[in-house]
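The two complexes that follow have chain A in common; it is paired with chain B in the first and with chain C in the second.
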Partner chain A sequence: MPPSTAASESPSPTKSSPPPRRSAWSGAIEYAGMLIVLFGLVLIFSSLSDRFLHWRTLTTIANQVPDLTVIAVGMTFVLIVGGIDLSVGSILALSSVVLGVAMVDGQWPLWGAVAACLLTGTLCGMANGMISVWASIPSFIVTLGMLEIARGGAYMVANSQTKFIGSAVEQVATPLPGLQLSTTFLIAVAVVLFGQWLLSRTLFGRYCVAIGTNTEAVRMSGINDRPYRIIVFSLLGLLCGLGGWMQTARLATADPNAAVGLELSAIAAAVIGGTSLMGGRGSVINTFFGVLIIAVLQTGLAQVGASEPIKRMITGGVIILAVLLDAWRNQFYRSLPGLLNRLRSRKNSTVTDS
Partner chain B sequence: MNAPCSAPSTGEHSPLLHLEAISKAYAAPVLKAIDFGLQAGEIHALLGANGAGKSTLCRIISGLTAADSGKMWLASQPYRPREKSQAEAAGVQIVQQELNLLPTLTVAENLYLNRLPHRWGWIQQGRLHHLAHDALMQLGLDDIAPDTLVGSLGVGQQQLVEIAGALSQNCRVLILDEPTAALTHREIEQLFQQLRRLRAAGVGMIYISHRLEEIKELADRATVLRDGKLIETRAVSDFTTQAMVESMTGESTKELQAHTSYRTDRVLLQVEDLSRSEVFAPISFEVYQGERLGISGLVGSGRTELLRAIFGADQAESGEIKIGGKSKKRFLHPQEAVAAGLALVTENRKEDGLLLSQSIRTNTTLSDLPSFRRRLGRLDQTQEFEQTAGIVDRLDTRCQSLDQPTQELSGGNQQKVVVGRWLLRDAEIFLLDEPTRGIDVAARSRLHRLMAELAERGKALVIVSSDLEELLETCDRILVLSAGRLTGEFFRESWTREAIMEAAFRGYRQATASESA
Partner chain C sequence: MIEADRLHKIQKVVFNIKKHFLLVGCVIGMMQMVGCTAPSADQSQGTEGPRIALVMKSLANEFFSTMAEGAKNHQKTSEKPYQLLVNGIKDERDLSRQVALVEEMIAQGVDAIVIAPADSKALVPVLRRATEAGIIVVNIDNKLDDEVLKSSELTIPFVGPDNRKGARLVGDYLAEQLSEGDPVAVLEGIRTSFNGQQRRLGFEEAMEAAGMKIVDSQSAQWEMSQANVIASAMLSEHPDLTAILASNDSMALGALAAVKAAGRADKVKIVGFDNISAVQQAIRDGQILATADQHGDQLAVFGIEYALDLLAENEETPVDRETPVDLITAEVLKQ
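Let's turn to the complex of A and B:
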C-alpha cells in the first residue's frame, strides 16, 4: 500500500502544474498500474481456486517474501545508479552460512551471529562497489566474479554442509499471534517504506537518480559520484545479509546452496516495478509490488496445480507483459495532452491556444 | 517596397513541395495551420526562435513525425510519408542538427549503410570505396578518405560527411537543420558552393540557421515562424537582418546597447603556466572581477580543453590556479572547483550538462542540493520549487511546468536551465563554453544580457565562442588560442576582426605540418 503522504518523486513525466507539491493523485497514478496487475492476479486465482482468497494463503505469501523484498529494494537502488548486481544470491548464502556456523559451531549468541551475518553481506557489497568504481570496471563483470567468489566462500565456511540451527533462530520468522504476519515481513515493509523515503525525499536519493541519468553531468556539476555508487552497493550488501538472516530464520537452516538465481528474481521484481536497467528511473514501492506479483504468481499457480514448466513460462510471460504495460502507460500519459488538443481543435474546427 | 504578405499562397507555378494547413500538437500546439511552398531550385530559409516549430515542420516533411492534420504535395502528387525511408525514396533528404553517424564504422559504410553494395551478402568493398569516394568528391571533401573511422573525424567533418550522405541519394528536396553550427569558415564556404550548385541543378532546399548573415548570403526566400504560426514569407533580398529579428521575436529590437565595462582591478582567477602536453602549451592569464573575458580561436585550438583543465574535469600536467589571490593549486575534481566558486557551462549540454530525462527542478538544483538539506538528509522540496521558479522567471525559460523533463525543452531553454543551475549556486567565476551555440536569437540576447548582469554584480566570466561577433559584442577583452598556444590579447579599445583572425591562424602557420587535432 502506498503511503498517502509520500507522493512519489519519480522521474516519469506525469502531468502537474507549477504549484509546489504534486497532487496526491499523481502518486496514486504512479502505483495504479502495479496495483491493477496485482489485484487482477488475485482475482484470477481466487476464481480458479476457492482456497486462494483465504487470510492464511495471503499471510503465507507475505511471510515468504521478506528476503526477496529487502534484496529487491537494494537492487532497485543499484539499478537506479546505473549498475547491476549479479552476486546477491551468493552473498545471501555466504551471510546465511556465517550466521549458521557462528551459532552452531561457534555457539555465538543470536545477536552476535546476526551482526556477523550483516557485516559479511556489507563487506561483500562494499567490495563490489569499490572495485567497480575505483577500477572503472562495469559492475556486471565485478559482480559476476563476486557471484563465484561468495558462493565458493559459502561452501568453504560451511564445509559444504547444510547447518541446521533450529528454534534458536526461528523466532523472527514465525507468524505473530493475531494477524499471523511474521516480524521479518514487518521489517521488510519498513525497509520498503524507508527505501522509498530515501529515494524520493533525500539528498542521497536525488544524487542516485542523477548519477544514473547522466554521471558526467553530475560530475561537471561539482558532485563526486564515486562515494554514492560505493554506498549503494554496500547498502545492497547489507540488505543481502539481512535477507540471509531472514531466510535462515524462515528455514531454520543455513544452506550454502541457498538462493541460487535470486539475482534474477530481484532484477525481475525491480523491472516489473518499472525500474530502468539503463539507470535513472525506479520506485521502491513499485519494486515491492513487483515482488508481490511474482510471489502471488508462484503460490497461485502452485495452488491451481500448474506444473513446474508451466509455472516458469507464465512467470516469464508476466515479466514481459508488465514491462510492456509500463511502457504503454508512460506513452499514454505523455500523449494525453496532445490527444485532448486534437479533439478540441476538431470540435471547434479553429485552432485554439491552450 | 514590400507589401506585408501574410500567409502567402505561393501559386505562381506549382511549387515542388507544397504544404497546406499543417498542424501538430504534442503537449501543447507546436504548429498551427502552416501553409508553405518550396520551389525547385530555391534555397528557402526557415527562421524562428527556438521552439517556434521549425524542427517539427522539418520532421513532418521528412517523415520523422506525422502531422495531426493538413496536406502535403510533392511535385503536385499527394505526399504523406509515414517513415523516413518513404520520404527518402520520394527524394526528400534531411540533415539533422544532431549527428546520426555510427562512430565505429568507416565513412564509406556510414554513407551507404542503408544500401551497401553486396553480392550474396558479401559487401563489395571495392565498389563501396569507389561510391563513397565519388560521394565525398561531389562535396569537394577530397581530404577525407572513405575508409577512415567516423569516430576519428572532427565534428565539422562528420557534419560534412552526413551532408554528403544525403546528397548521394535521390535528392529533390534537401532539408538542412543548422548545418554550419560546427563548421569552420572554410568548410562553410565549401558547403555553400555545393548548395549553390545543387540550386542550379533544381534541388529545392530548406535551410535552418540562426546565423542571419548566412541566410542573407545564401537564401532566396525566408519564412518566419513564431510560436507555431507562419508569420511571413519574403524574398531575402528585401528582408533586412533587423527586420528578420523583429519578425522572429515579434518585437522591435532596441538599439544595440553600448558596451559597458564592469571590470575592476581585483584579480579573481589567475591561471599560471597551466599545460597539458599535446593539447595546450603552458598558458597564463588572469580574469578580473566584473570582467567578461572572451577566448577566441579555431575549433580544435584547445579552448574547451583549457576550460576543462581549469575546472578539474581533465588533469593538467603542470601549472597553478589561484582564486582571489589565495589557494595555489590545481583542481583534481570539478567538486573542488565548484567549492571554490567556479562554474562550467559545457559545450555539449545534452552530453555532460543536463539530466535529460529529469525535471527542470532536478536539473536546476543539482549543484546546490546541499543547501536544501534538512534534518536526516531530507530535501526541502517546497523550497526547491520556489527557488527554481525564481530562476525560471529570471531567465524567462519557456516550460509547461517545473516538473517537465528537460528533454522536452528547446535548445535555448535547455541552455537556460544549465546556466540557471549556476545562478542558483551563485558561482563567482563562470566558464562558459559556447554558451549560445544552436540557440535562437531571443534566448541568445537574453543570455548576453545575463552575462552583463553577472559582470555588473562582480562575477568574472570566461566566454569561449566560435562566433567572433558574439565575443566582440559581449567581451571586455579577448584572448586568442591557436594550436594550443596563446597567440594574442586584444582590448575593446583597440581590437580589429582582422587582427584577431590573424592571431587565430598564427599558431597553425608556425607549426605547419604537425596539426592534426
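Let's turn to the complex of A and C:
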C-alpha cells in the first residue's frame, strides 16, 4: 500500500508539514470539528435525558473507555505508517485470558500475570510487524491471519471458558474516591499525551509520518524504514496487552469471546479523528476525541433507551458526519491562506484607489 | 524523461496492487475454507449401530463445547451402541455454513440428526429435505419456529428445557428479596432468538406477579462488555434501581462490573441464566444472587437418547420432550 500512496498523492505541503501561517488559534481549529460533534452529542443527550449531564454519567463513560483508547492510540501510529491491524480484538482477548488463567489456575501474583499479559500482546504485535515488514506482505493479510490465530489461542488457553477472577484484579479499574475516575482512565490519558508527544515532538514521530507519506523518499534519504514499522506494530501489540489488562480489571473477568469487532471501533475512532487510511496523516489527541464520540454515543443511546436498529444507524451516521466535518475543516484550512491573500490584495487595491 | 519515469512508477504500483489483491483473495479464500471445514472434520466416534450427527452452533462457545463433551462421553458409555459425528460452525451467526453442514450430513446418509439451529426459521427448509430423505431429526437448544414448521407441514420434536419456566424460577426467587413496587431492569439477549424471547417473558411474568416495576429493558446481544455499557447507562438513568435481570450469565457478569463501578453493589441485585463456572464463583461470593441451570452438558444427550428411541420404534409420532431447569443459589452451591 505505501508505494501507491507515494505515487498517487501529490506532495502537498498541507499533508505532512504544516503551512507556515499556523498560529495559536489554529490549535482550536485543529480540534474544532471533533469538539463540535462531541459537545453536540452531549447537548442532544442532555436534552433527551435529565440524568445524562451528571458527573456520575460522565465518569462512567470515562471509566469505560481506557481499553479502546490505548488501542486506538496504537492503531493511529500503525495507520500513519501506512499499515493496518485487524487483529487487535483477538490479541486483547488472548492477553486477557493469559492474565485470567495465570491468576485463577496458576495462582500467580497480579504483577506476574500482568507482565505475562503485556508480553503476550507485545509478542503478537511484534510477529505482525516482523512478518509483514520482512516478507513484504501487506499488513492487512498478516493481521487477518493473526486475528484467527490469536482468537484460537484465546479459546485454547482458556479452554473456551470464561474466567472469573474477582477482586484480586479489580483495584486498578475501580473509581478513585473523590474524582470518581479510575486509575486505568488516568493511564489511558497519559498514553494519549505521550503518544501525541511521540508523534509531533520526536524524530521517531516525524519518521513515522514520512514513512507513511512517501516510503521511497525515506529510503532514498538513507533511512531504514523497517525497524520503525516493526516498532510501531509491536507498540500496538503492547497496547493491546495493556487494553486486555484494563478490560479484565473492569469486568473482573477474562473472556475468550471478548472484543470481537474491536478493530473496527479502533479504526473508526482513528478515522473519525482525521487519521488517513492511506498513511502519513493523523493526530493522537483527535483519535482520543474519536473514542470519546463513540463512547458518548454508546452510553447516550443506551440511556435514552434507543432500539437496536436505531442505535446502529445513528452510530454509522455520526461516523460519517464526523469525517465530513473534518474534511470540510481541512478544505477551509487549506483555502485559508489564499482567502487571506485575496482579502489583503483587495484591501491594498482599495487603498490605492482612494 | 519525467513522464516516462512516472509511467514506470505507476505501472509498478498497479502491478503491486494487482499482486496484493490476488494475495488477499487467496488468503481470505483459504482462511474461509480452513476456518469452516476444520471443525466439521471433527472425528466420528464408534463403529457400530446407527449413525447420529450432532450439529451444533459455535464449538468455541463454552456452552456448546460442554454440550458436545457430554455427548461424546455418553457415546462411550451408552448401553445402546451408536456412532456419533460432532460438527460445529465457526461463528454463531454463520447460518449458511450450518445449512451446508446439514446438507453434508444428508449426503453422508446418517440415520439421525440432532441439531441446535443457529436460526429458528432459516434451518427449516434444509431440515425438511433431511426428513424427506428418511433421516430422523431432533431439535435441541433453540426451538424451531412453530409457524414455519406448520407452513412447511413438518413435525420436528423439540427436546429441551422450558426457558420461560427457568426465567420465571429465577425471577420469583429474586422477587422474594425485593419489596413490592421496586424498580428493576432487564438485559435481553438477541431479540430474534427464541431463547432470548422466552427468558424475557419469564422474567416479565415473575416481576408482574410480584408487583415489581420494569423501568428499562434493552438488548445487550448476549455480550459481557455491551452489557457493561448498557447496565451502566441504566444505573445512571434510574438511580433507584434495585435489580438487574440478565438473560444470560455473561451479561450478568457485565452488569456486576457496572454495579460495582457505580458503587451500588449493596443496593442492586443481579440474576443470570445458564450457570457457567465463572458465575458460580460470583454466586458463592454473594455478588450475583441466582442463575438457572438447564444442564447444558446433558442437553445434547437428551436429544440423542430421544433420537435413539425414535430409531428403535419408528411408528411413534414424535412429541416434544421437556428437560429439567433448576434454580441455582448460594445455598444450592454449598451442598
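We take it that the second predicted complex is superposed on the first by the 315 of 354 C-alpha atoms of A that agree within 3 Å, B and C clash if a C-alpha of one lies under 4 Å from a C-alpha of the other, contacts with A are read in each partner's own complex, and residues count from 1 in each chain.
Criterion: contacts are C-beta pairs under 8 Å (C-beta built on N, C-alpha and C of every residue); 3 or more make two chains touch, one makes a residue touch a chain.
Predicted, not measured: the structure shown is a model, and the values here were computed from it.
Undergrad: Is A:S46 touching the first partner chain B, the second partner chain C, both, or neither of them?
TA: neither
Undergrad: With the two structures laid over each other on chain A, which partner does A:T60 touch: chain B (first), chain C (second), both, or neither?
TA: The second partner, chain C, only.
Undergrad: Have a look at where A:T315 lands relative to chain B and chain C in the superposition and call it first, second, both or neither.
TA: neither
Undergrad: Just to be sure I read the superposition right, which of the two partners does A:Q161 touch: chain B = first, chain C = second, or both, or neither?
TA: second
Undergrad: Would you sort A:G280 into first (chain B), second (chain C), both or neither based on which partner it touches?
TA: A:G280 contacts chain B only, not chain C.
Undergrad: Looking at the overlay, what does A:N214 touch: chain B (first), chain C (second), both, or neither?
TA: A:N214: touches chain B, not chain C.
Undergrad: Is there a shared patch on chain A that both chain B and chain C touch, and which residues make it up?
TA: Shared contact residues on chain A: none.
Undergrad: Residues of chain A touching chain B in their complex?
TA: Its residues touching chain B are 9, 11, 13-22, 201-204, 206-207, 209-210, 213-214, 216-224, 280-281, 334, 337-338, 341-342, 345, 351, 353-354.
Undergrad: Flag every residue of chain A that touches chain C in the complex, lowest number first.
TA: Spelled out, the residues of chain A in touch with chain C are 1, 3-4, 7-8, 49, 51-52, 54, 56-57, 60, 63-64, 137-138, 140-141, 144-145, 148, 155, 160-164, 166, 170, 173-175, 182, 247, 250-253, 255-259, 298-300, 302-303, 305, 308.
Undergrad: Of all residues in chain B, which touch chain A in the complex?
TA: For chain B paired with chain A, touching residues are 23, 25-29, 32-33, 68-69, 311, 313, 333-335, 337-339, 344, 346, 351-359, 362, 366-367, 369-370, 372-373, 376-379, 381-382, 385-386, 389, 401-405, 408, 421.
Undergrad: Which residues of chain C touch chain A once you look at their complex with the stated criterion?
TA: Within the complex, chain C touches chain A at residues 6, 9-10, 12-13, 16-17, 20, 23-24, 27-28, 31, 35, 59-62, 65, 191, 216, 218-219, 221, 223-225, 228-230, 232-237, 239, 249-250, 253-254, 256-257, 260-263, 276-279, 281-282, 285.
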